[in-house]
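Should a chain be cited, it is by its letter among A, B, C and D, assigned in written order, with residues numbered from 1 in that chain.
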Amino acid sequence: MSDEHRHGRAAAEERETARIEAFSDGVFAIAITLLILELKIPHDVPEGQLLAALLHEWPAAFSFVASFLTIGIMWVNHHRLFTLIRRSDDGLLLFNGLLLFAITFVPFPTAVVAEYLRSADARLAATFYSLTGVVIAIFFNLLWRYAAKGHRLLGDGISQTAAEDLTRQYRFGPLFYLVAVGVSQLNAVAGIGVNLALAVFFAFPPAVLRKKA
Amino acid sequence: MSDEHRHGRAAAEERETARIEAFSDGVFAIAITLLILELKIPHDVPEGQLLAALLHEWPAAFSFVASFLTIGIMWVNHHRLFTLIRRSDDGLLLFNGLLLFAITFVPFPTAVVAEYLRSADARLAATFYSLTGVVIAIFFNLLWRYAAKGHRLLGDGISQTAAEDLTRQYRFGPLFYLVAVGVSQLNAVAGIGVNLALAVFFAFPPAVLRKKA
Amino acid sequence: MSDEHRHGRAAAEERETARIEAFSDGVFAIAITLLILELKIPHDVPEGQLLAALLHEWPAAFSFVASFLTIGIMWVNHHRLFTLIRRSDDGLLLFNGLLLFAITFVPFPTAVVAEYLRSADARLAATFYSLTGVVIAIFFNLLWRYAAKGHRLLGDGISQTAAEDLTRQYRFGPLFYLVAVGVSQLNAVAGIGVNLALAVFFAFPPAVLRKKA
Amino acid sequence: MSDEHRHGRAAAEERETARIEAFSDGVFAIAITLLILELKIPHDVPEGQLLAALLHEWPAAFSFVASFLTIGIMWVNHHRLFTLIRRSDDGLLLFNGLLLFAITFVPFPTAVVAEYLRSADARLAATFYSLTGVVIAIFFNLLWRYAAKGHRLLGDGISQTAAEDLTRQYRFGPLFYLVAVGVSQLNAVAGIGVNLALAVFFAFPPAVLRKKA
């Protein structure tokens, strides 16, 4: 294969991953913006009680913030992975599809928490919410491991050590969200709080990428 | 026409199909993300019954998964076609529009199945759902056949044999979904299951494209 | 100004209009996909009556089809204009914003027609729907005339005659939709039918662009 | 660092900010298009009363227009900032995320105003709406100041004076929206009107950018 041919092929492959990224970005952007639709405005509020009625919605606002942060951080991390992933194949489409599936699902547990965070079923609602985080973290690991295995879909400039560092770091994601599941079993508000804290925690990128950037 | 002129024209045509692709991607991404809005959270659940109420929603979850997969696979296939289609004209806009029309319609039969899969009208709901699949498959064939006829809108590097192979393979799509219609008449859950299975089946790309990639 | 400078500036201007196009495309794609949310599935249908209940929704389906076509054709035409418009300024942003405003409004009259096409207020609903078409057509003309006036924002390769031809043809858009308003006053279904027919009519591009393509 | 290396790095950085812009554009486009979903069509209208019922919705229409303009202008300004911002880092992602968070929140106060602008709680609803504007304006300032501080993320061609001019001008945004908060306390309709007027006011770009363009 001539150099020119190789160059043309690399360009086609980058176009390919660029389109997967663009589609994924669309799904992330829509899912994060749809969250607000689950924040229902209070109806039939008695005169002079609107402020109380709005403040009464704090569980919905709380789950809205947690989910916004979660999807936002997942977008940032997805974006970071695709600075390393430079080729695509059917497997990548599959694992990326699984991740997007879980992302589009987020508004549902968010709405469940919004409605039941003050009910007798609050811990169940928070557990359900946290389990969604576990699933997203697992799908995130599957996507990365598939792409990184034997350097399968990574760019030529990415070192094996850097990839392994990332693998090691992402590995803990599902465990962290399992902690959120456990806390949710004890206290619903604290459980959602752990989800929120995890999103903030993951906002700080792994050292390996930081060095690269 | 000089070589340079031809080159500039090809670039303009690629920009054109790129914009059609981008718009279509947007519609696919929005339709697939809107599906979750049809998953209604249970209201007024008696104390301690939230888990039962959530599990009771399995028909909605089932149709959500089937529709997510269907739209996802249609996106992948649409994307594959546009690696072969390199020119656009009014006919392509028309047939692409028909396909997008059917895609944006998917949330409606999905919601019908979610609400009626356990009712006396379950088979009607599943049949309605499967018929949407037939229509999408037909519009998909129309789009491809229009673009491929006499190599009308295909890239110069695409062989006639490859195009004909694809035509032959897509031809069976509507028939497969007709099977889903038939099964839906007998058993609603099995009918939706066939739709789900077809999406998984179509995830494996035709051999012709596999070779090319 | 050197040739190189001029070239760099042209590139920056094209990037600018490209971003306006991309944002507009996003709005068009979302508005066209949101339409389905106004198609409400029938609730509490008595056993065995689902088919009748679905068929009973034909006004909603009818307005859904008309609005899908209208927004789709508007996207195609918007797209065509931006093959001629190559520079942007604040005025273009303003007039494009007005057009997008009217486009995002379309789901509302669509829902009104869906609910009232069989009521005593059917003609009012259809008139309201058709008036939205008048407004969109006017905003479309404002956008084009602003861009084309004195060749303000058109590409260098676009002839003045071609621009004037287009101006002449778009001029009739508002009048056609005024006919739809008139028909809506007499018969609501026929009024929506005229809207649908106009969308099909506008699908055929003006001769001037056809020649260019 | 060689010139070529520097050039390649600049290209990678521009790709990076381009993707942040694209994601942000998606969120802006979706938020602005979702607004219409908060415009509820009137149900169960007595025969011949549809026109009155539609006109009765003017508070919803009024807040829809104000929010469309606000998000639209914020998009234009966001877009303008990113003609100056040419590099990205974690801080930019964070501050941009805060701004997008506030933008996706807009449909909620819009719906509150739509429902309560005629109630005894009208001024509270308008105050809540205007406070959202204050928050957006503050987040806008944070984003810009972070990027501009010590020329951190600005393009090489941007002069320090131009950046400082912009800083000085944006500084007044939160104050203007605080005026809207004050007016909302006195008269709800006037308060929303100030928001609408501010959007129109911000449509005129700061002189510094005008000169550059």
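One rule holds for everything that comes next: contacts are C-beta pairs under 8 Å (C-beta built on N, C-alpha and C of every residue); 3 or more make two chains touch, one makes a residue touch a chain.
Nothing here was measured: the structure is a model prediction, and the numbers come from that model.
Trace the shortest sequence of touching chains from subunit B to subunit D and report its length in steps.
2
Could you label the subunit B-subunit C interface same or different, taking same to mean over half of its residue numbers are used by both chains?
Counting shared over all numbers used gives less than one half: different.
Report the chain whose CA-based centre is farthest from the CA-based centre of subunit B.
That would be chain D.
How many Å are there between the centre of subunit C and the centre of subunit D, using C-alpha atoms for each centre?
Computed from C-alpha means, the inter-chain centre distance equals 25 Å.
Hey, what residues on subunit B touch two or more of the other chains?
In subunit B, residues 22, 26, 30, 34, 37 touch at least two other chains, as defined above.
If I apply the definition of touch given earlier, which pairs of chains qualify?
Chains touch in the following pairs: A-B, A-D, B-C, C-D.
Along subunit D, where are the residues that touch subunit A in the complex?
Touching subunit A from subunit D are residues 19, 22-23, 26-27, 30-31, 34, 37, 89-90, 93-94, 97, 100-101, 104-105, 107-108, 111-112, 115-116, 119-121, 124-125, 128.
Touching subunit C in the complex: which residues of subunit D?
21-22, 25-26, 28-30, 32-37, 39, 41, 43, 45, 47-51, 54, 68, 72, 75-76, 79, 203-205, 213
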